[in-house]
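Look at the two complexes coming up: subunit A is in both, with subunit B in one and subunit C in the other.
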Partner chain A sequence: MQIEEKVIENILVVTPLEKRLDASAAVDFKGKMVDWINTGHRRIILDLSLVDFVDSSGLGAIVSCLKTLGEGGDLVISGIEDAVLSLFQLTRMNRVFQIFPTPEAAIKGLTG
Partner chain B sequence: MPTDYSTHLSNDRMGLQRSIAWHLRYSLGKNWADRHNRDLFRCLSLAVRDRLVERLLATESRYQAQGVKRLYYLCIEFLIGRSLENNLYNLEIYQECGEAFRALGADLGEILEMENDAALGNGGLGRLAACFLDSLATLGLPGFGYGINYEFGLFRQEIDNGYQREKPEQWKAEAAPCQIERRDEACLIPLYGRIVHDIDMNGDYNPMWMDWQVIIGVPFDIPIAGYGRETVNYLRLYEARGSSEFDIRIFNEGDYFQAVQQKINSENITKILYPSDMMEPGRELRLVQEYFLVACALKDIVRRYRLQHQDWTEFPQKVAIQLNDTHPALAVAELMRILVDENAQEWDEAWSITQRTMAYTNHTLLPEALEKWPVRLLDHVLPRHLQIICEINQRFLARAAEIQPGIPGRLEHLSIVEEESEKQINMARLAIVGSHSVNGVSQLHTQLLKEDLLPDFYRLWPEKFNNKTNGVTQRRWLLVANPRLADLLCRTIGEGWITEAERLRHLEAYAKDPPFQAEFLAIKRANKERLARTIWKTARIRVSPQSLFDIQAKRIHEYKRQLLMVMHIIHEYLTLVEDGLEPLVPRTYVFAGKAAPGYWAAKQLIKLIHSVGEVVNKDARCRDCMKVAFIPDYKVSLAEKIIPAADLSEQISTAGKEASGTGNMKFALNGALTMGTLDGANVEILEAVGEQNIFIFGLNAPKISQMRAAGTYHPRDYCRRHPEIQRVMEAFSSSRFCPGEPGLFQWICRRLLDEGDEYFHLADFMPYVQAQAEASREYHSPGLWARKAILNVARMGRFSSDRTITEYAREIWELEAAR
Partner chain C sequence: MNPEEAVAIKLLVGSRLANVRFLGLAVHAFCTYLHFGETEAYQVQLALVEAVTNVIRHAYDGQPGQEVEVTVTLRPQRLSFQVKDTGRPLPALKPPALEFDPVDVQHLPEGGMGLVIVHHVMDRVEYRRVGETNILTLDKNIPPQPTPGWPRGEC
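Up next, the complex of A and B:
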């Protein structure tokens, strides 16, 4: 899966560049996220502004990343589309992840 | 944008001809010269659909402008039958269509016969839903049906050597093309998966429903026209499709076949209507169907509400949901899930909204029809819903103990979670707990709900319980099905009865009028001639329209007691051939109905009817006295031919078993006299028509209940006391009616004599014989019979579904007409 990553103010901003985070992409996505976590990133923004579809595998991968990050780490979401937000609400993941409108707002939220 | 459709959509003969011609060319791609009758059928359907759509859109605009409260009628079945003719009448263009077709050199009647029934239902539950939709639209009420778009409706019944054979009915092939696909309103439905137990950002328990599979529900709308052109509502039926994941997986070579299999499995959900009235224990697909219906409906309902409202405070003021039987009971848990999980509502507020929105109708007393789902199955299919149901139950039981401190000993009679050998969820209890109203469908039924089936709930919440006696639409069941009688009524008392059935009362003045009686009887005779032609065409039996047409048309079931009627036929036959006594009046006994494929006894009853019929019909001694006919493949369109032809309507269920019945109302509305027990709505029909104009016999419900409880019913005693019964039993145990298959009907003797005769056939047999003799005596006097039949028609106004819906709207839904 094509993913862009950059570090801003010591926060890793991860932006999947594909529209679908589904079963075919979830494994690769999770693998990359785990690698970044293992290299020491503790504060991560997952920017989903380009994603318009996440299936249960994709959601499961995102939750799995949160578990891998563990206590003391932050994994927050930004730029979530309505259709994807409804899936977060369906699964109650919106109660576990802070959700921000933009990566900038997320950075502010994590640093402020 | 064009707004003037006056030439294309006008309702005069020329407008209709133009529409038909336009569709032949542009929808079917044919030249006029190449048309066939089937093309004309399709073009007429499309022309009618155009007119329905105009009114549908106008109706919806009106509803939105007035911010109406909407009623959503959830039902797993809708037995609509044919739509085209009904729509022509309701749009008041039947005559113009007839003229248009005559001008085109075609016969409208022949064209209308081409339509397949939409048989998305088994019997009473589904047909009631269809009658209700008709009444909602006619009354201008914003009421919508929500159901499943089964690919295969109720099976087609064929008869092979007297046995029922089921054939698949792919109804859409020749249905009127009036479905409108609404792909843009498709919804994603999650199923299966598991709960991940977690903590949220506030440190509270946060169950996350993960790893679900996704099904897509695509809605199809069938316009439902009210009489008089003003209101057209819709019936929204959902079809299951596999999710678009399939499209991705085909690029992954190894997964192609698995992806196809998953797609097929998804689409199986709405493949077939379950052909049984009873619970399908352990049938996962049925549970999935039920959730699919509920989830699609609620998603749609909530989406529509949220277009106009920011918060949830007004939800119960704008939305009413009627749960019919327990099949949609999951709506209680689903609405809670939507409010609490997806919209972060506090539990108590969400529960208040849910209860004020939901109402439950119980349509059956039979315990085997009341659904209970194993907890492990719910955990597998809907893990989050199971959690919610358990939470609902826990809070409910705590509250119940507060309201009635003496209750702890009775909690097991209230608990939604039943702790049997295998834990089960009692769906009726879930529906009751989650609703602000619980109603039965006849006065007797509601009384039995309160006293026998749900006494603990009634003690807890007496204010929830109310009665709404069923009804039928006089438009389909008289105006359309019996046009000659409808025409006579209109000429005599005006057309008002079409929308105000109580006006039928004006007929009472004509009940004794000889010319009116003569015309009434001539119409009945013509209807009987038409049915006789149908019987010859489908069953190859010649019957005489001069004979008394004694008809039992309904699902085949032991509690409905087709067997009792057969016993009477055998009695009459033996009285003729062994005692030499001819019946006072010649009779044609007519049966029609389907048996659930897995119901052995019901299927044997069909064989019995055919076997008895074969003997009787071939016996030269019976030639002018008795005939027995079973008309195959009973459905709405056949009922429309059978009911107007009946002289005597058999409504002979064991008292306390039939919740209401609606066939009883249709027959009486068409001038048949009822031969019935004090069961269901028969009790109220007796009150309405008067005891002189109905034949009532047999034990009543309290008596039967008492005998059952005390164990004082001994069928063999009746056999010993009455040689007539003994003779009939001997006929069953002998080979008289099954010379080629000796012993075939001995099971009946075992059922009635050795196994306790659960449905009290023997106890009611002699009273039935006496009532039948009385019916014969009265039929012998045509003037007397005609008077009673006319009084039946005149006094059935109360049993219009318009009245029923008006009561629901006023007392349960708080729904108002939008004009």
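Up next, the complex of A and C:
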């Protein structure tokens, strides 16, 4: 899975460039995220604006990244489509992750 | 569509996770054609993706070279999916409870959400084991707005 990364105000913004975060992409996604966490990134914005499908395996990988961050870490979501948001609502994970409309709004939320 | 009429298409999915996305795209296209809203079309796609991923992972133990047969049947007010495989019997498909404390990060579930999704999205879920075959039937009621019907005489 190709993922664009950039650092803004000491926050890592990662943008998956593929449309689907599903069971066949989840392991690769998680591996890249864990690599970034292990290099010391503690605050991460996962920008899903280019992703139009996430299944429970993809969601499980996102949850796993949050656990890897541990206490003192932040993983928030931005740019999520309404349909994909419904997965978070069905599984009640919308209570776990802060969700922002854009990466810019997420940066404000994390730094404000 | 004639109320007595049902039309069906059969899709064979090789038992690799990478193949499941093509099934998902096909299911989404069926739902869009039947005027499901975007979120509902997504959720029906999601339910099928979860069901077939479950078969590949658990009934076939992730082994490639097997097949999952998905029959899509359109009736006047119902879209039905029958998912068949010849893998291991699946445990009873009672949806697990998805209870967790959203603040207790280390105990959040990373798996076990697929069946919850299937049961929440579909209007009827039935699992049977017949001989050496697992048969999972998933029904979704079609939204009441006018539907264009299935293309006739074009297949």
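Worth pointing out:
Just so we're on the same page, the second predicted complex is superposed on the first by the 112 of 112 C-alpha atoms of A that agree within 3 Å, B and C clash if a C-alpha of one lies under 4 Å from a C-alpha of the other, contacts with A are read in each partner's own complex, and residues count from 1 in each chain.
What we mean here is this: a residue touches a chain if its C-beta (ideal position, glycine included) is under 8 Å from a C-beta of that chain, and two chains touch if they have at least 3 such contacts.
It should be emphasised that the depicted structure is a prediction, and the values quoted were computed from it without experimental measurement.
Once the two complexes are overlaid on the shared chain, A:Leu90 sits against subunit B and subunit C alike. Using the contact criterion defined above for the overlaid structures, shared-chain residue A:Asp82 touches subunit C, although it does not reach subunit B. Of the two partner chains placed by the overlay, neither subunit B nor subunit C lies in contact with A:Asp47.
Looking at the superposition, the partner that touches the larger set of subunit A residues, subunit B or subunit C, turns out to be C.
Touch criterion met: A:Gln98 reaches subunit B, while subunit C stays clear of it. Judged by the touch definition given at the top, the superposed model places A:Ser24 against both subunit B and subunit C. Contacts of A:Asp55 after superposition: both subunit B and subunit C are touched. Shared contact residues of subunit A, touching subunit B in one structure and subunit C in the other: 20, 22-24, 55-57, 59-60, 63, 86, 90-93, 95-96.
Interface of subunit A with subunit C (complex): residues 20, 22-24, 53, 55-57, 59-61, 63-64, 66-67, 70-71, 82-84, 86-87, 90-93, 95-96. The part of subunit A that touches subunit B in the complex is made up of residues 20, 22-24, 55-57, 59-60, 63, 86, 89-93, 95-96, 98. Residue ranges on subunit B touching subunit A, taken from their complex, read 190, 193, 196, 198, 200-202, 206-214, 243, 245, 248-249, 252, 341-344.
Subunit C makes touch with subunit A in their complex at residues 16-18, 20-21, 24, 38-39, 41-43, 45-46, 49-50, 53, 57, 98, 100, 102, 105-106, 108-111, 113-114, 116-117, 120-121.
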